[in-house]
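Okay, handing you the structure first.
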Amino acid sequence: MQFEFTEEQRLIQNMASEFFRDRGSSEALRAALESERGYDADIWRQMAQELGFAGLTVSDAYGGQGLGLVEAAIVYEQMGRTLLPSPMLGTGVLAATAIEHAGSETQKREWLPQLAGGNRCAALAVCGRGGAHGSARVDAVLEDGRVHGTYRFVLDAQAADLIIAAARRQDEVMLVALPRDGVEVERHVSLDLTRPHHTVRVRGVEPRWELPGSGAAALDVAIQRACILLAAEQTGAAAEALDRTVAYARERVQFGRAIGSFQAVKHRLADMMIQVEAAISAVYFAACSADEAPATLPQMASLAKVQATETLTFCAANMVQLHGGIGFTWEHDAHYFFKRARASATLFGSVAEHQERLAVHMGLEGEAVS
Amino acid sequence: MKLGFTPEQEAFRGEVAAWLEEQLSGPFAHIRGITSQTAMAEERHAWERALGAAGWSAIGWPARYGGRDADLAQQVIFAEEYARARAPGRLGHMGVELAGPTILHFGDDAQRQRFLPKISAGEEMWCQGYSEPGAGSDLANVRTKARLESGPDGRRWVIEGQKIWTSLAQFAQWCFVICRTEEGSRGREGLSYLLVPMDQPGIDVRPIRQMTGEADFNETFFDGAVTAEENVVGAPGDGWRVAMGTLAFERGVSTLAQQMQFRNELAQIVDAAKANGAAQDPLIRQRLAKAWRGLQIMRASALRMLSGADSGALSGPAFTYKIYWATWHRELGDLAMDVLGQSGEIAEGDDYAFDDLQRMYLFSRADTIYAGTNQIQRNLIAERALGLPKEPRGTGQQ
Amino acid sequence: MQFEFTEEQRLIQNMASEFFRDRGSSEALRAALESERGYDADIWRQMAQELGFAGLTVSDAYGGQGLGLVEAAIVYEQMGRTLLPSPMLGTGVLAATAIEHAGSETQKREWLPQLAGGNRCAALAVCGRGGAHGSARVDAVLEDGRVHGTYRFVLDAQAADLIIAAARRQDEVMLVALPRDGVEVERHVSLDLTRPHHTVRVRGVEPRWELPGSGAAALDVAIQRACILLAAEQTGAAAEALDRTVAYARERVQFGRAIGSFQAVKHRLADMMIQVEAAISAVYFAACSADEAPATLPQMASLAKVQATETLTFCAANMVQLHGGIGFTWEHDAHYFFKRARASATLFGSVAEHQERLAVHMGLEGEAVS
Amino acid sequence: MKLGFTPEQEAFRGEVAAWLEEQLSGPFAHIRGITSQTAMAEERHAWERALGAAGWSAIGWPARYGGRDADLAQQVIFAEEYARARAPGRLGHMGVELAGPTILHFGDDAQRQRFLPKISAGEEMWCQGYSEPGAGSDLANVRTKARLESGPDGRRWVIEGQKIWTSLAQFAQWCFVICRTEEGSRGREGLSYLLVPMDQPGIDVRPIRQMTGEADFNETFFDGAVTAEENVVGAPGDGWRVAMGTLAFERGVSTLAQQMQFRNELAQIVDAAKANGAAQDPLIRQRLAKAWRGLQIMRASALRMLSGADSGALSGPAFTYKIYWATWHRELGDLAMDVLGQSGEIAEGDDYAFDDLQRMYLFSRADTIYAGTNQIQRNLIAERALGLPKEPRGTGQQ
């Protein structure tokens, strides 16, 4: 029992912090959003190949870093401060975790080193027409060896060389690998420009291969682990929103005083810090618990996701409010935080959905939503 | 205390509704339902002229300035029917609701005769020059300057400075501008309320892109802009008092029109919730009911505020109305997005352009900022309505 | 359309305000609570007989004032400022309205003048074991001419000379008059000392008389009208909590300044005023609408009750908080407001129940709770 | 970062649990589960002595003062097992958690030897003399005075003044009292931290009845109360620094014990919700889940705070912990009452005496007031953690 970072964890934190401070400026973010891909390929290459961020949690047997969720959360938290777009969540967490959990040894040997090294990308397609995440709601089907279905809200699909898709064969949820060129990928204009959604339409496509393990289990683990890392990212974004607003409040003068000297502003900033600290506690508690006792992953995922969502929603909204008019303009970064907050809140299930799961976990009879 | 209307008032309602329906299913059908501040400005200017020609533009004004001397009940009825007919957002809003009443109340006869008929006829559009980049909510910190100089046609004000959040400036013929006209004055002293023509080389309007991706606001630069000496409302140096009066007019009958727009937005959210099943969710149902409750309360508060407006003093609801609606509307934006769920994250087309509810979600973030942030509103309530000690003004200069 | 008080309404307001300021001091409240009955019989006599408050809304044909809900709300608002206990709600609103709506001409002639004049008291017993209000949840039964049932949360039962009780005969909800001495009345120690609850146990009692009209309709009207007047009372209590806290904040010095000069305190008081104004709007809008268009009564009752509940809950909690330690003591009045707030919140249905009814009223399909 | 425990630590857990079970099903069975601060004080004093005799009273202290030099993990384990065993609330809390650590940290050797063993042995109980009727949250405004005078046994402090919210004063043998010891000093200057025996004629303890109907707090009057000259912790005039140190100890391992109490309360609410059907209500389910979330976060925050305590500087969670738990607990009270519904309005018996959840509802209103109101906590966070400008201190005197 020692609930602080180890020396190694501190090193990872410093490295990530330094890298993202260096490469993740507001200008870099805007340049990436203007680009064709929507992210900076050079930064991504550096993240994946030099720093090993793409394969943080992929085991070292398959070319990853073999780190735990705590270490990965440290990186995601720092990345979250920048809002920098990259295929890290879709490829490195969702797709890689699904392959690692349900893939055959051959499949893992072929694909994981590629993904962990950042040479290739993959996306995980789960979410059906209704929009719900998780294995219980898969509505694509695998019939006569072909997949039929429409997947909404797919992350990083455009950059993907491979789509790992969930489909139902009779009562069983299967994971299959679809060739990128056999499926139709529509990239949407999303409110949050930094993480565009895609719709993937699959009209009777024959998978390149099937993953032999339990699709349902692999899916749920992938999404739950992604919840914790998304929560870490949200926490970093919230901390950044707080820091920038504190800096603004110290320098902006109204009524002859720095606005940060008004108690209304001070107390709002204090409330933001209370939220940020709660999110940090929730995220690392969840990551550490899931690393040490994987059976706790489902409730830990919901715990982290709900708290980080409330925290970032609160902090980003106050970032806009406390910046006044300027915070409402396109030229200021506040709107990126605000929109990221909303998008992250809806990703992998709403606060209400996750809290309902927690209620069930607490032993309150009722139906689990998954 | 009475909520209902008399038969005469109901007859008036019928007249309003008939005229609106005729126009909006006829010559102005193409602009029916437009809520954007900036879309189809030319057509909406024509609509202002049509309203003016039929005497519907400023019905609460005296008949001699193009109004109808309408009483409160009639104004309520007009606002309700205007919204019910989904008539377009008023391009003439700033003139009819702010500049006009200010000139009527604080101006001289010559100004009334020069400006009011053009406003009520829908000929001249107005915009507002209050906020400045360095001042924000702090009107006493205005730094735009005006000095009297001799010009070819007599003495005139020459203006230097910059205003921000000047919505509709790109369509306006006139702007009311708070300027510092006494060299070296500070705070509320030495300000004047000038009426300035927009079509002149000394004025440059630059749109500000806001978080919706659109540009509803502007920065307006005054670089040697001029206006005739007589275009000052109230005495030179008396601008603070006049400007505060204008702010009070913001709490006028137009609030009822705004409420009807809110009502339409809530109806859209309810429809969306019914369509996607969110209406079955007990948590969403509670929030929809709460939003409905807020609508009723806003209506009642507005009626209390307007019914008591003659007494002169600001009443309880007049103090609390701005922060109430702004906060309510911002929450409505959150509710809309929670009803839409993840689908609300996606635009229909290929541009960064969203539908009404998504735009409302983003735009409503400004509601708690402009026209006095929620923080400023709470100060006002605490100090002016509750008599608590005033916030000390700092000594630091920006 | 004129949404301000008429001259007559202003007179009523002045009269009520003067009376309650005069008789409703903190000392008077404490003395009443110490008394055997739990209220001051002398004040009650004055309210009922001299001022006509007991029969405000009882029609003048039966000895009442024949006023509308607006006028009654004016009186309740002023009364709410004092927290003064009296049988006014139980007798003058619940029981009298039920009798006026469902009673025979003879019953009305016999009883309403007595109640309106304050000579006798009556209580309405509705609420069954489950605790829910409204005609749909009546669980007492009327079989073979006798009533069997346990009524919880009955107001003013101890002072009552007559108990009007709801009971189910086959599918129909009946109202009957029970003799006071045939039933067992337990007066509870209640959290809110100013309005004690009673349990009325009826074990096979033969009614003195039956009310011939529709019991269900009369019950619902009585409770809905009581909701609006309770909301007015809550609003008055909230306004008083605000006024007293403002006065304290102006005079209490901490850190060398009146605490009312701190923005955190100022803004909290401003938020209280925003709530109070919203409650005033809701209550008089509801009262006026229900007076002019009785069909709107159900939704207007819920509107007023929900808003006034939120307002008083907020204001009373902040009264305690902003008074600091002293506000937590028995000797200060804040706790009476705080407990009244909680008790009123649970009376006649919770916020969630009323909001669910509003949702149904809005056309959201679902089941109405009554 | 590690949450789990080693086998050695688990063995320690077993030892703690076994001892507690033996005592609490044996000689102390009658006080098991008592959470009230004031009930059965004599029996609970005996329990303090039993803890002390077995070396469980202050396990984090050095062995030479009656502790066990327990590390953080062991302290966490002890707190968890103590609560799990439903051992009674600690009558010795103020001594073990506040007075003891303060004397250990700021006192001299003689003081340590005089006081610490008596505390850890459960012999001497303590109470706290900080707040005053005129000062509330404003410790710098202390007006209780002490001056050095000659007495029969040498020089001694003579104390005049009044303290309030002195919980447990009626059971305590000692009180730590902040006094103004320099005539004419103001603010943080000239304060001293005195240790004062309670059993003397110059001290009068009067219970304060609070909104629960019970009296957990007192007013304590000092009217010529005395204590020996050497009973000052730190230098005379250095009391502010020492008092601030004591406040920091409030964020110690006892927070974990408090959390376990919170956990028990939530479990009671869940049971009530299951029993009366509220557990089926989606709105209540959300709030129960939110409360559970808060519990996990408090545990994690406390562990972060305690793990990082060696660094000296207050960490993020140390700044935010007080307001977080206080607000959480107050909301838990609201939730409890909403689960109980109208039944929560009624006492079981004939006295104004309520059950655990009802009392918690009322009592938790004090949580956001004592030990720094939420308003003061936010100031602290903003100024000390975020570096925002300090609140100007007024010039007005009370």
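So that you can tell them apart, the chains are marked A, B, C and D in the order they are listed, and the count of residues begins at 1 in each.
As a convention for this text, a residue touches a chain if its C-beta (ideal position, glycine included) is under 8 Å from a C-beta of that chain, and two chains touch if they have at least 3 such contacts.
Just so you know, these numbers come straight off a predicted model, no measurement behind them.
Contact count check for C-D and B-C (C-beta pairs in contact): higher for B-C.
Chain centres computed from CA atoms place C at the largest separation from subunit A. If you average the Cα atoms of subunit A and of subunit B, the two centres end up 41 Å apart.
We define each chain's centre as the mean of its Cα atoms; on that basis subunit B and subunit D are separated by 54 Å.
Within subunit A, contacts with two or more other chains are made by residues 257-258, 261-265, 267, 352. The residues of subunit B that reach two or more other chains are 281-283, 286, 375, 378, 391, listed in rising order. Subunit C contributes residues 262-264, 267 to its touches with subunit A in the complex. Those residues of subunit A whose C-beta lies close enough to touch subunit D in the complex are 1-6, 9, 70, 246, 249-250, 257-258, 260-261, 263, 265-267, 269-271, 273-274, 276-278, 280-282, 284-285, 288-289, 292-293, 303, 306-307, 352, 355-356, 358-359, 362-366. Per the touch definition, subunit C reaches subunit D in the complex via residues 131, 152-153, 188-193, 197, 253-258, 261-262, 264-265, 317, 320-321, 324-325, 327-331, 334-335, 338-339, 342-343, 346-347, 350, 352. For subunit D in complex with subunit A, the touching residues are 1-5, 9, 72-73, 76, 270, 273-274, 279-280, 282, 285-286, 288-290, 292-293, 296-297, 299-301, 303-304, 306-308, 316-317, 319-320, 323-324, 375, 377-379, 381-383, 385-389, 391.
Contact residues on subunit B toward subunit D in their complex (touch as defined above): 281-283, 286, 392.
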